[in-house]
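Note that chain A is present in both complexes that follow, paired respectively with chain B and with chain C.
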Partner chain A sequence: MNKENYVIAAVVIFGVAAPFLFPNYMVQISLLWIMILFALTWDTLGGQMGYNSLGNITFFGVGMYISAIVQVGMVYDVALYASPDGAALTGNFAPTQYFTGLGLGILAAAVGNVILAILLSQIFFGLRGPYFAIGTLGLALAAGELLGAWDYVGGSGGIALPVFPFDPTTQKFFFYFLCLAAAFLTFAFLRWLYKTRFGLAINAIRDDEEKADAMGIHTKRHKTVAWCTSAFFLGISGALFGNMTGFIEPLEVAFPTVTFGIFMVAMALLGGKGTLWGPVLGAFVFHTVKELTWTYLLGWQWIALGALIILNTVYFQQGILGWAREKWPETFGITVDKDMSSGSEERGTS
Partner chain B sequence: MTTPTIEVTNVSKSFGGVAANKLVSMSVEPGKITGLIGPNGSGKTTLFNSIVGYHPIDEGSIKFEGQEISKLRVQQIARLGMLRTFQQTRIYGKMDCVQNMLISVPHRTATFSDMFTKYPAELTEKAEHLLEFVGLYQKRKLISGDLSFGQQKLLEFAMALMNEPKVLLLDEPTAGINPTLINGLIDRLKRANEEFGITLFVIEHNMRVIMNLAEKIYCLAHGEMLAEGTPDEIKDDQRVIDAYLGAH
Partner chain C sequence: MWDNIMVLVAAPVFNIQLLLDGIFIGAIFALAAYGLALVWGVMNVKNLAQGELVIMGGYFAYVATLYGIHPLWALIPAFFIMFGFGWVVYKLIISKVIERDLFTSLLATFGLALVIQQGLNLAFGPEVQTANSGMAIRSIFDGLVTVADIRILSLIICAILAGAVVLFMKKSRMGQAIRATSQDARAARVMGINTERVYAFTFALNAAICGAAGVLISMIWVIQPFYGVPHSIRAFVVVTAAGLGNLPGVIIAALGLGVAEQYSGFILGAEFQQATVVILLILVLMWRQFQMSKTRQVVQ
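Moving on, here comes the complex of A and B:
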């Protein structure tokens, strides 16, 4: 396990050094951390628990809007602010107001999302397999449309977030490190979580939920907590992304179901779902390919991404880490023990 | 007179027009091994499913240690200490054997915060001992889905023991198992009953096995309780012989 700590240290060092080494790519690398967070939180349900959600992006968007409402609402009337008359107010936030608002906004996004996830769990965990996937997809699409019809937060026209009170470079650094911290926290939390009883229980639900029921596992409780965990961190990512973008609207920014919503699934599958590092690796490869094709294959970028997804799902279903595990099982501790028994104590096999 | 571990009274269950169980009554005494036999389609598995709460029953009563359980859900019944294994073996196929064992610890007293604790070393030791008991110790780190069918069956049995149930319902424990391994399995079932004090209720088609194992046997046919008695009584019961040979 020492090796794992070295890898974590290397990634953190890269994360801290990157904005100084590649200042021109700071925004793209910020997005990489958000992508890693996406893939990790998707995998909690999709990989570890076997519930393929196509609607996790809902929590990203809802978190973004909760944060916006808190940030704006602390200082101004939200409806007025979001109306055309309020356009002049976006730059009118003193540093203290801005940072207090941002901190509370992020917190409210995370906590609000947990409450939402508890409510949604009551409905959606009655669905299994493809029905859960389609049901959650509907949730994401509906959430985008509903917010588009809510004039209080600007409707489909969107709402501008408070302007960062210092210069744009400081803003880039500030949000870069927040994104890095959010991804790191997500990773560290899930790494701990998967080592507890909870981790094995959601794996059991993935492998055979009926058996888990028959063995008396509190399946509903575990499923709800799993979704709450995803929702919590997705809420943070939504709040951060909204503030980095500066202007949010429902369909393209807050609930981008066909881009981010699909990317989170594709990244986890690419790296190897059901593993801790798979989503991290998948997000890194996917995001790199995406950014490179956007730069060097403009016009073909969607085709390149589609090809990557097709290659993955047709030839490589177990993902990069899953493939490695099949190839070198001993490295992953899958071995036959030469010893016949567990040792000193006499128990005798018959 | 002691309270029966399981007491089924006049239970009926139909699926559409098919009456799978008709006014079935039977009981399982604590500490004993009770058998359930009957031709294919006679309603044995339906009765099992009714007892463990897989589907609601149409009428009748099912009691576990005197407590009515016919309205409880599967997990609640499992947490009371009544566990079943499946005819089609069911294990957690992508996890290794030790993990399969660890997740099978009793959940009777599990609180919300217990979810976030780790498994103490004693439990891993216990898991390994039980895997040794069923002869899977060497393979404990293999992915369970890669084991042979017979080994998976043994693993499922070990998982049930890990759960420390009061009563274990076994749906055809020897089906699909190599005949030479069957004797070992009978031996282990008996030891689970004697050493761990687990009451057993066993569906079995293999007459040699069930006659060897059970102290009392019930025979179902066409959803109705046809006969009950000791193995010797059942063996000589003309109705049972007819049911199996198709005289009905």
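Moving on, here comes the complex of A and C:
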């Protein structure tokens, strides 16, 4: 068993023990797992494949809405439920109805997102570099606006999700462990994925797409599959977050482009993009610092966030893990040729 | 929706109203888009804080009205203070990302956009503001079409400003240096042009143009700390549709965008006006991609 497995085991033990150790912060820690999922799925495209998306939050929101429609639609008419007359229906779900609805809702969110990602990749993967970033940013903004105008799901007023059939503490535990499981699954899947040929192929696309194409990698297919992977897990996180919050509306909860949408990028960059552990570390540091300081900054927190993004991209682009890797390469299994490196130092000093 | 289209067919005079409003707004979009194209073309930085610079300029006019000064006077301080602001931003942020890959500059300016909008939010609050110019409103066609004097004036100011910038770029030493740098920065350096200074000046000039555009926006439309993002996206739509260094194209695309927005706002409802901008962005990007795909050879 190597060092990495110990770290994974430690994180999982922390994850399982945390709700019992810090019961008052359970919601915040659930959010931490979702943040880790965010950063990991952003990094699949942004870090590993070199396609920096500013609109991955679209899948989060779409997943949330698909899950809501499935959960409600199984029992009631969605349009009636979302209208003011349907307000009394939110608590009217039997436990079996609720749990089958939730299960199917999460599944539908994930699968629906994969289909959406396949469709969108037809349009968006023709765009390169900054055009891709701006186009996806537009996608997220448009999705929020369009869902706000769709009265079937409550329009800009939003829609309330079915109420958990048991007491609130059980609900917290239930969703805490679902979030933990989702983040762990994402991590495990991506860890496996990056070790396969597929991981190498998307790295090749990042390094030089034309050359990768020339070497016989079917770039379009790889890019589509990578986005589908991202979308699949983001859909699950959206469904979970919607149910945790209990009420969803387009601009603030489902498509929060300037909060969660940017946090994803900021966390992956902070931790070190293009690495497996970087996004995890970045999400952990970012979320912890944010939760501890956010309320004390009195309105300045958003300015601090903007400044953090600027500083991070301008002065500290390699991120925490990238910096550590340069500092202590041996720890990361990189063999340093002593003669070569000392030689270069001598050259540097002379 | 169909009712609204029928209104336009039955009373063609409303078309004139929409066209005029679109052109008045579009002229200002053209200014911001020209600034973006300038920075993009000269230093290859895609400035996502463009709309925030515009909104920042708009608050100069708003502050002027608070002190009882006519908002038109705010044009001068807005232009020069924003010029200084642009210079500082260049020195602090842009100069560090200029040699890096494009996403770095995009994300850094996105961070800048966040800082500016939140700073404005702290300073002025999230209310929608407008700088009242107190000018008369004319009506033509028996009162069916209304045109505010300030809109005509702002169109004239836009034209003067754009003409001045073009003249500056063509005739002055600095303008020539900017154009030389955009053609080949290395060769410009060899010829003794201080490209660092040219870059700083270009970004500052862009901020100043945006500031002036913002003053006009605040007089004929509304400003709010978070309205910058649609302005940035508008500028991107215009520049992407027109292409870099194509000034007539920028003007036509901007006027077209203004008109398109007015029409969709009228036909689909005001809440779709912003969605239209974003959907137009995606359509323009797709169209460009289609154009490129005709020349690109891909193994399938």
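Criterion: the second predicted complex is superposed on the first by the 325 of 350 C-alpha atoms of A that agree within 3 Å, B and C clash if a C-alpha of one lies under 4 Å from a C-alpha of the other, contacts with A are read in each partner's own complex, and residues count from 1 in each chain.
Basically, a residue touches a chain if its C-beta (ideal position, glycine included) is under 8 Å from a C-beta of that chain, and two chains touch if they have at least 3 such contacts.
Every value quoted in this text rests on a predicted model; they were computed, and no experiment measured them.
Chemist: I'd like to know which partner A:Ala231 touches here: chain B for first, chain C for second, both or neither.
Modeler: After superposing on A, A:Ala231 lies clear of both chain B and chain C.
Chemist: Return first, second, both or neither, reflecting whether A:Ala68 touches chain B, chain C, both chains, or no partner chain.
Modeler: A:Ala68: touches no partner chain.
Chemist: By the touch definition at the top of the document, which applies to A:Arg197: first (chain B), second (chain C), both, or neither?
Modeler: Touch partner of A:Arg197: chain B, not chain C.
Chemist: Go through the superposed model and pick first if A:Asp213 touches only chain B, second if only chain C, both, or neither.
Modeler: both
Chemist: Is A:Gly274 in contact with chain B, with chain C, with both, or with neither (first, second, both, neither)?
Modeler: A:Gly274 contacts chain B only, not chain C.
Chemist: Touch check for A:Ile134: first (chain B), second (chain C), both, or neither?
Modeler: After superposing on A, A:Ile134 lies in contact with chain C but is clear of chain B.
Chemist: Have a look at where A:Arg221 lands relative to chain B and chain C in the superposition and call it first, second, both or neither.
Modeler: First partner only, chain B.
Chemist: Just chain B (first), just chain C (second), both, or neither: which does A:Met49 touch?
Modeler: After superposition on chain A, A:Met49 lies in contact with neither partner.
Chemist: If you lay the two complexes on top of each other, which residues of chain A touch chain B in one and chain C in the other?
Modeler: Chain A residues touching both partners: 213.
Chemist: Can you check the complex and tell me which residues of chain B touch chain A?
Modeler: Against chain A, the touching part of chain B is residues 52, 74-75, 78-79, 83-84, 86, 90-96, 99, 102-104, 106-108, 110, 112, 114-119, 125, 128-129, 132-133, 135, 137-143, 159, 163, 184, 187-188.
Chemist: Write out the stretch or stretches of chain C touching chain A in their complex.
Modeler: 46, 48, 93, 96-97, 100-104, 106-108, 110-116, 118-119, 121-122, 229, 233, 236, 240, 269, 271-272, 274-275, 278-279, 281-282, 285-286, 288-289, 292-293, 298-299
Chemist: Using the touch definition up top, name the residues of chain A that touch chain B in the complex.
Modeler: Answer in residue numbers: 193, 195-198, 200-201, 203-204, 206-208, 210-219, 221-222, 225, 274, 333-342, 345, 347, 349-350.
Chemist: So in the complex, which bits of chain A are touching chain C?
Modeler: Result: residues 52, 54, 123, 126-127, 129-131, 133-135, 137-139, 141-142, 145-146, 148-149, 156, 213, 258, 262, 265, 269, 299-300, 302-303, 305-310, 313-315, 317 of chain A touch chain C.
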